[in-house]
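Naming follows writing order (A, B, C, D and E), and every chain is counted from residue 1.
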Amino acid sequence: MVMTDLLAVLVPALPLAGAVLLSALRRKFSATVAGSIATALIAISFVATVILFSGFDTAAGGRTVRVLDWLSITGMDIPLALRIDALSLTMMLIVTGVGALIHLYSIGYMHDDERAPTFFAQLNLFSFAMLMLVMGSNFLVTFIGWEGVGLCSYLLIGFWYTKPDYNYAARKAFVMNRIGDVGMVLAMALLFHFLGTLEYTAVMENAHSIPAWGLLAITLLLFFGATGKSAQIPLFTWLPDAMAGPTPVSALIHAATMVTAGVFLVVRSSVLFDLVPYTRDVILWTGTATALLAATIGLFQNDIKKVLAYSTVSQLGYMFAALGMGAYSAAMFHVTTHAFFKALLFLAAGSVIHALGGEQDIRKMGGLKGSIKITFVTFFIGTIAISGLPLMSGFFSKDLILAHAFQHSPVAFGLLVFGAVLTTFYMFRLLFLVFYGTYRGKAHAHESPLTMTVPLMVLAVLSVVGGALNLPHLFGGHEPMKHFLESAAAAIRSEEIELSASTEWILMGITAVLVFTTIAFAYGRFVKRTTLEGDEADMPLLKRLIAQRWRVDELYAALFEKPYGWLSEHFHSIGELRIMVPLQNGVGEAALRVGNVVRKLQTGNASFHLLAMVAGIIIFLVITLLSN
Amino acid sequence: MIAALLLLIPFLAATLLVVLRPTKHARSVALISSLATLAVVLMAWATYAGSPVVLADRDWVPAWGLRFVMGYDGVGLLMLILTAVVFPFIIGTGYGEKLQHPSLVNALLLYTQTFLLGVFMAQNALLFYIFYELTLIPVFFLLLYWGGERRRAITIRFFIYTLLGGLSLLFGIIYCMAQGPTMNGDFSALAALNLPIGVQHWLFWVLFLAFAIKLPIFPFHSWQPDTYTMAPMQGTMVLAAVMLKMGLYGVIKLVFPIVPDGVAFWRETVIALSLIGAVYGGIIAFRQWDLKRLIAYSSLSHVGLICAGLFAWNSYGITGSLYQAFAHSILVLCTLYLCSALKERVGSSEMGAMGGLKVRTPRLAALFLLVLLNAVALPLTQSFIGEWLMFLGLWQVHSWLAVVAVSTIVWGTIYMLYAYQRVMLGPDKWQLEMPDASNRDHLFLVPLIAITLILGVYPAPILDLVDPSVQLLLSSLP
Amino acid sequence: MSALILISVLGVVLLYLGFGDNRKWLAPVGILGLLAALTMLLCNWNVESPLFAGMLKFDGYAMAFDMSLILLTVLLFLFGIDYYARMRENVAEQYALMLFSLVGGLMLTSFTNLLVLFLGIEILSIPLFILAGGKRDSFRSGEAAFKYFLQGSFASGFLLLGIALIYGSTASFDLATVQAAVGTSAGQGNMLMLLGLFFTIVGVSFKVAAVPFHFWNPDVYEGAPTLVTAFMSTVVKTAAFAGFYRLIEYMHLPGAVQTMLVVVTVCTLFLGNIVALRQTQFKRLMAYSSIAHTGFLLIIFLGISERTSGVLYYYLTTYSIATVGLFVVLTLAKRAAKGDENIRIFRGLFRSAPWLAIATMLLLLSLAGIPLTAGFVAKYRVFALGIEAKLRGRHGFRGSDGAGGHLLLRHGDPGSLHPQRARTAIGGGARELARALILRRGCGVAGAAAGVVEVGSTPSPSAGSPTDEVDQPCFSASLLFLYPYAK
Amino acid sequence: MLAFFYLFAAISVISALIVVSARSPINSVIALVVCFLSIAGHYILLNAQFLAMVHIIVYTGAIMVLFLFVIMLLNLNKATEPMKTLGTRVAAVLAGGLFFLTLMAAIRHGINITPANEFDPGVGLVRSVGLSLFKEFLLPFEVSSVLFLSAMVGVVMLAKKEKVVVPKDGVEPSKA
Amino acid sequence: MNEGIITAIRVVPLEHYVILSFLLFSIGIAGVVFRRNTIIILMCLELMFNSVNLLLTAFSAYHSDPRAQVFVFFIMLVAAAEVTVGLAIPGDDEAQRG
């Protein structure tokens, strides 16, 4: 047993050691040396995770490894402890696995950047934070990872700090995360207030003792925190801007790991969410709305990474919709498959940008099919996976969600199917505009080095094979992942699809047909005629609105940023200078003014003094007589 | 013995400095004395066994039964540690600053330290008051002769404003002493007074006014920004890092025991006021162009939160606010040191004159970032633990107040990141030639950041120190 | 009693000395005479017998105050040596008049008959009318003297009316019978008695410069020569307060008069402190500060009990020592600044005469009542008395007292310790002058300051009448004071 | 008897008013003399014969003569000196009137003082006043000599012409 | 003759004397404030002193106690001294130099 504890602690410790080492000696290392150290460390922790995973038997449930008793005063005992159970292992596998691939990829990508060691240090720090988030045995340790991840995303988005708008994007991401974290802290405070502990196991056991309003408040606040981290409706505008960071960052943080933290949190506290159906409906409809909104925006974006970013937001919408329906294992399955193909797509896009020397606008690409073959093939596989073509990993995870949707509420099913159509359309638009037709740019494309293409290939394989993880009955599988996760979250047991086999086949048939027709339509529109978007001015109203991202950024700026600046300005000018300061030395001024008035009383001439004296005497005499 | 030692070392060193006036190694003498004090305090901490310690108990004025009592309990010891830890760093900044008569500056600093140690060890209300007033005098001269522009007007206003508060405190103390059988003002005797409810209601404000001005709380804070901006770097450090905590200590030692019903009655109002201060300070800090003024407003915001936590009046709230007080001192030291380092390099503490310094001074930027972690109260830093406990404490008082309190972490993030960006990030605007972080900067900042992180990960030593006395305090209240 | 006679004779002796050109012998003879009077006073220290036909009663109270008055006069004579160094003629008269005025003061501290009270006030004031008019070169001092005379005699008119009415209702001038009569139910109800008390208090509070009657204070303090102002603000004020206290000590004042006293106290404290903030002229500043201190002393009158005479004595002594010290410093600074009396002249004092400046600061702190000085202890004990008397009305002026306290610091202190402006008004002249004077006078002032500080750090119990006040350290301070002067 | 009292009272009040309101100082001095004589009359009515005599000698004899001397010597009489502004004059009258009215209000319920039981007619005579003056009030009598001495010294000092001070140390002649 | 005079005290009630002296005192006050010429002011002061003398004499007769009359004697004494000083003080220089 001691060995597994040691391994468990080793997994997060290695990236942390890497981060400290690399940042301390960043002057000493060259880019590749630093990159290889970082990748090696994350790879070892991946191996450790695999060992843990193999040695883990679902029957025994989870293990809590108590590292340090962190906060222990009377009435409160919150240790720094890690928890190894099915859910955390799954996430650990994704984080370390995909993480290692992305580290490997970024060696090539960041090869000619002189601050590469700092980059790798921050990447490792991110992995540490993500692992703490995932492996935390109580809400507060998760919160350490939660904020740590926010910090690292701030650092990495603003990595090229000399560009002011990159800094703005980084700051925006961090502030939005912090707004989400307010929800988290309040939820944790409420939980502690009711139960006196934040340990997951303890919370899950006596969750029923929390009064109804408490449960409602906690779950809503937790969801609000999750939206901050996973870029759902209210707090999602930071993700597209986060593309300012280097592409591996987008791949690792804004596709595979960090953004799925929200989903992980909801699944981790699924018992709470199970007790409050109202919150689940809220999650369902927010997820669906986000999915549709992001999908529509993705249609007309011209930046390759922006399209993928909105597609991530949309896919997260799907995951939250699944959570809303109570399909926790389906959501986790989609998280896994999404991690594979979305990381693949981002890395491929990175490779395209790398090939074209930093060009990101798809209107200046095209016809790259011939020149960068491996990137094209892997990008193609990623596209068909995300669109959910039959037998691909996307197909299994998305259709599982659609099946649950159909069973849960047909309206949601319809919307989600429409979302799937849109996804297919903008993904194939991207594919055709970048790789088909004639090349519209100036640079000479050359294939990326092996360190970049190997991860692409691995991820491509995973995207294809990913579906096997949770093969449904229809295809002869017995949903291994669902049963594996049941040991971690009891609520997953009640997650069943009672549809008859025939209805499932029909559903799959419908989606497949729709997907193929959109592909054909996209083919006609982009390969035959390569129609490109003109500038927004002369677009029809609806199309311009969508192209300008439903003007959500401008809305937020008008609603929050400008008023906040105005408030701060006026608090200072009016609040401080005109109210507080005069108020404060008013005491002194008042004394001086009164002093002046009384001083005037002190005129020079004698007779006035006498008169004043007599007046004083008379007044005092009256006072004395009256009070007698 | 410890009390005598603690009071004598800085006092003698200061008088030595005043008499001999060594210009060359004035700072080293002061440094040695502050380190010696630190050693004594650490020894006291090592031998502290949880129960209150009485160091000296002699007759001062037998006719009134006034006794000269010195000693400390958990809270007192924490404050002593805070003062002892903070002062070597304050004197250390002296090496950077080029002030006239360095011997006088350091002498005044050491006098302040003596009186501060006196305040934290006094167990008698009148003794507390005398030390409380005495700390003002050296700071008064420090600000008056080494301050920035408009120092005369600002210092005098600050001095009179604080003295006025002190006056109401004196009146309160005398009133309480006159109530008791004998005129002795020991804290225990005053605690056992249980005055009638009606009296406690107005007496609360009489006692609390002095500390409200010192802390400062929202309506009484207007002296703070000007004074902090105008004061010399070391002056602001003393004011912000330690003098402020006197207010906190005073509330715990004087206000809570003497007027418990008054506190119960006024609790919500004070929490509301301090939270207004917290939010108000946070929002104003966002638009400030002078780094030092930004630090002043951020300090106002932090202290607002601390005071709210304190008045939550339950074990989490008070422990949290004390812990946060320690964290805030370290934070203020780091930020002020950074501000002085930047001022040294850029010539003025206006953020407009900075911008894109990361290109020129990456190490300094890294240090600034690490300090920023504590400022923004990220988990695994000291401030997070303090704030988490305070949020819990506030939640038990009033849920909506807790929501406002938690919102302060957002305002904090906004102005700190904005400041970091305006100073460090962005293109290298002014192309100024400047050295990167010297090893003196490292010698100053790295230990402090280490303290923040260590106490963030392993807070037990401080929490075990504070917790028993807080429980004791709470058990004695209704 | 013998002291009274001795001092009057001393006055006459000084007059005769004035004839020859032996001006330099005046002060020493005066001081010796005063010391002789002091010793005579001390030798029959505990003889409690009323010495002379019921008119004067040298009890402990009187003894203590007489000692304080005599010592203060000695202090002023020492100060006078230097002050009158330049003046040619009628120096002897100045000294003599001061002694005669002192005689009036001694009467006031020990009267048991209302007539002696009236005569004491008159003997105290008339020489002052003349001394105030002493500086004949400036028009102001003449005008100030006339103003003082006018209001003085006007007030003694009221005093007489009061005494007459009291006599009317009690058929006797003896203090003891009057005090007893006031206490009895008949006395309370009797309107004449009430009016009598009212007008007497009006008459006496004019001398003490309580509010409605304070108008003469600033102009006279400014107009009169500095030595006379010092004399007025210390000896005269102490004597007046001694008389006032003795008058109403055992009297159970009827409610109406009590309220009148409260109102007077509140107004005095309030006005004294507030107006002082604005003053830039040193002597006027001292005038308003003395009015503020009158306010404080009146607080004692509100809560009279057997212990309060000690507090009154203690407060008056500390106040007087500090004021004398300050006036000495003013003269030094004034002479260096060519006669300019604005408080600006203190700026830069620190640079030219550091010890003098420190002494001044200590004195100022004592006046303001900052801890560790005698002033603080005095104010503290007044406070304690005030609270014990459970007086609600006091919150108001406690605040104003704060302002008052700071006024001195605000004006006096930074001015004198301002290194930057060393080169202004005081300039070169001050340096060599100050150094020359420092040895003879400066340490005198330092002595006073030390006395003040030493007293402050060991607060004395307030129990008992002035007699046991006397043997506590503050007197050793003033003795310490004498030593440096005996150059 | 009562008639005498009212006569003297009327004379003294009217003359007092004349003193205050007279245009030229001479008239007011004469009015004051008349007033003092009427008061002397009152003393006689009250059988205070010693006082009456002393009053006439001291007041009318010494002080009024002194006033006349001052007026004549320094010829203050010639111009009717300018009156104060109307405002102060009205205020002065008001002050005096109010004062009187308040006192009247105070004693409107009469003065309840118990008279001495046995009534000794010889009170005001020289014998009894002299006896008590030199037996009981000896100290004030002696001390008032100090009063007179200081008054005389002071007056001489004030009235003497200033002598120019011979400069000793080069400082320009400064009057004392 | 002297019986006649002695009886005056019994005939003339004390209130009259009090009222008379108050009246004279008020006139004195009005006079002091009313006039600007120092001489007149001094004269009014004398008037005030005299009104008090009158009051005291009345009381002494009423209480048949000689001490009050001695007091009056001293008042006259003091008043004399004051007048001389008052005249000597160079208060109104214009008057003298004029």
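By our rule, a residue touches a chain if its C-beta (ideal position, glycine included) is under 8 Å from a C-beta of that chain, and two chains touch if they have at least 3 such contacts.
As the structure is a computational prediction, the values presented were derived from the model and not from experiment.
J.: What chains do subunit A and subunit E have as common neighbours?
T.: C, D
J.: Ranking chain pairs by contacts, what comes out on top?
T.: D-E
J.: When the mean CA coordinate of each chain is compared with the mean CA coordinate of the whole protein, which chain is closest?
T.: B
J.: Centre to centre, using CA atoms, which chain is the farthest one from subunit D?
T.: Looking at centroid distances, A is the chain farthest away.
J.: Roughly how many whole angstrom separate the Cα centroids of subunit A and subunit B?
T.: Using C-alpha averages as centres, the distance is 38 Å.
J.: Could you give the separation in Å between the centres of subunit D and subunit E, each centre being the mean of its C-alpha atoms?
T.: The separation of the two C-alpha centroids amounts to 5 Å.
J.: Quick check: how many Å separate the C-alpha centres of subunit A and subunit C?
T.: The answer is 80 Å.
J.: Just give me the whole-number Å value for how far the CA centre of subunit C lies from that of subunit D.
T.: Distance between chain centres, rounded to whole Å: 30 Å.
J.: Would you mind listing the residues of subunit D that make contact with two or more other chains?
T.: 84, 88, 91-92, 95, 99, 103, 106-107, 111, 113, 116, 136-137, 140, 144, 147, 151, 154-155, 158, in rising order.
J.: Return the residues of subunit A touching two or more other chains; collapse runs of consecutive numbers into ranges.
T.: Residues 607, 610-611, 614-615, 617, 621, 625.
J.: Residues of subunit C that contact two or more other chains, please.
T.: Subunit C, residues with two or more chain partners: 115, 119, 122, 126, 129-130, 133, 136, 143, 146-147, 150, 154, 168, 171, 192, 194.
J.: Inside the complex, what are the residues of subunit A that reach subunit E?
T.: 607, 610-611, 614
J.: For subunit A, which residues count as touching subunit B in their complex?
T.: 23, 68-76, 80, 140, 143-144, 146-148, 151, 154, 158, 161-164, 167, 171, 174-175, 178-179, 181-182, 185-186, 189-190, 192-193, 564-565, 567-569, 571-572, 575-576, 580-581, 583-585, 587-588
J.: What does subunit C use to touch subunit A in their complex?
T.: So the residues of subunit C touching subunit A come out as 143, 146-147, 150-151, 154-155, 158, 194, 198, 202, 206, 211-213, 215-216, 218-219, 254-257, 259-260, 263-264, 271, 273-278, 403.
J.: Flag every residue of subunit D that touches subunit C in the complex, lowest number first.
T.: These residues of subunit D touch subunit C: 103, 106-107, 109, 111-113, 116, 135-140, 143-144, 146-147, 149-151, 153-158, 160, 162-163, 165-166, 168, 171, 174-176.
J.: Applying the document's contact rule, which stretches of subunit C touch subunit E when the two form their complex?
T.: Residues 115, 118-119, 122, 126, 129-130, 133, 136, 139, 142-143, 145-147, 149-150, 153-154, 156-157, 160-161, 163-165, 167-168, 171-173, 192.
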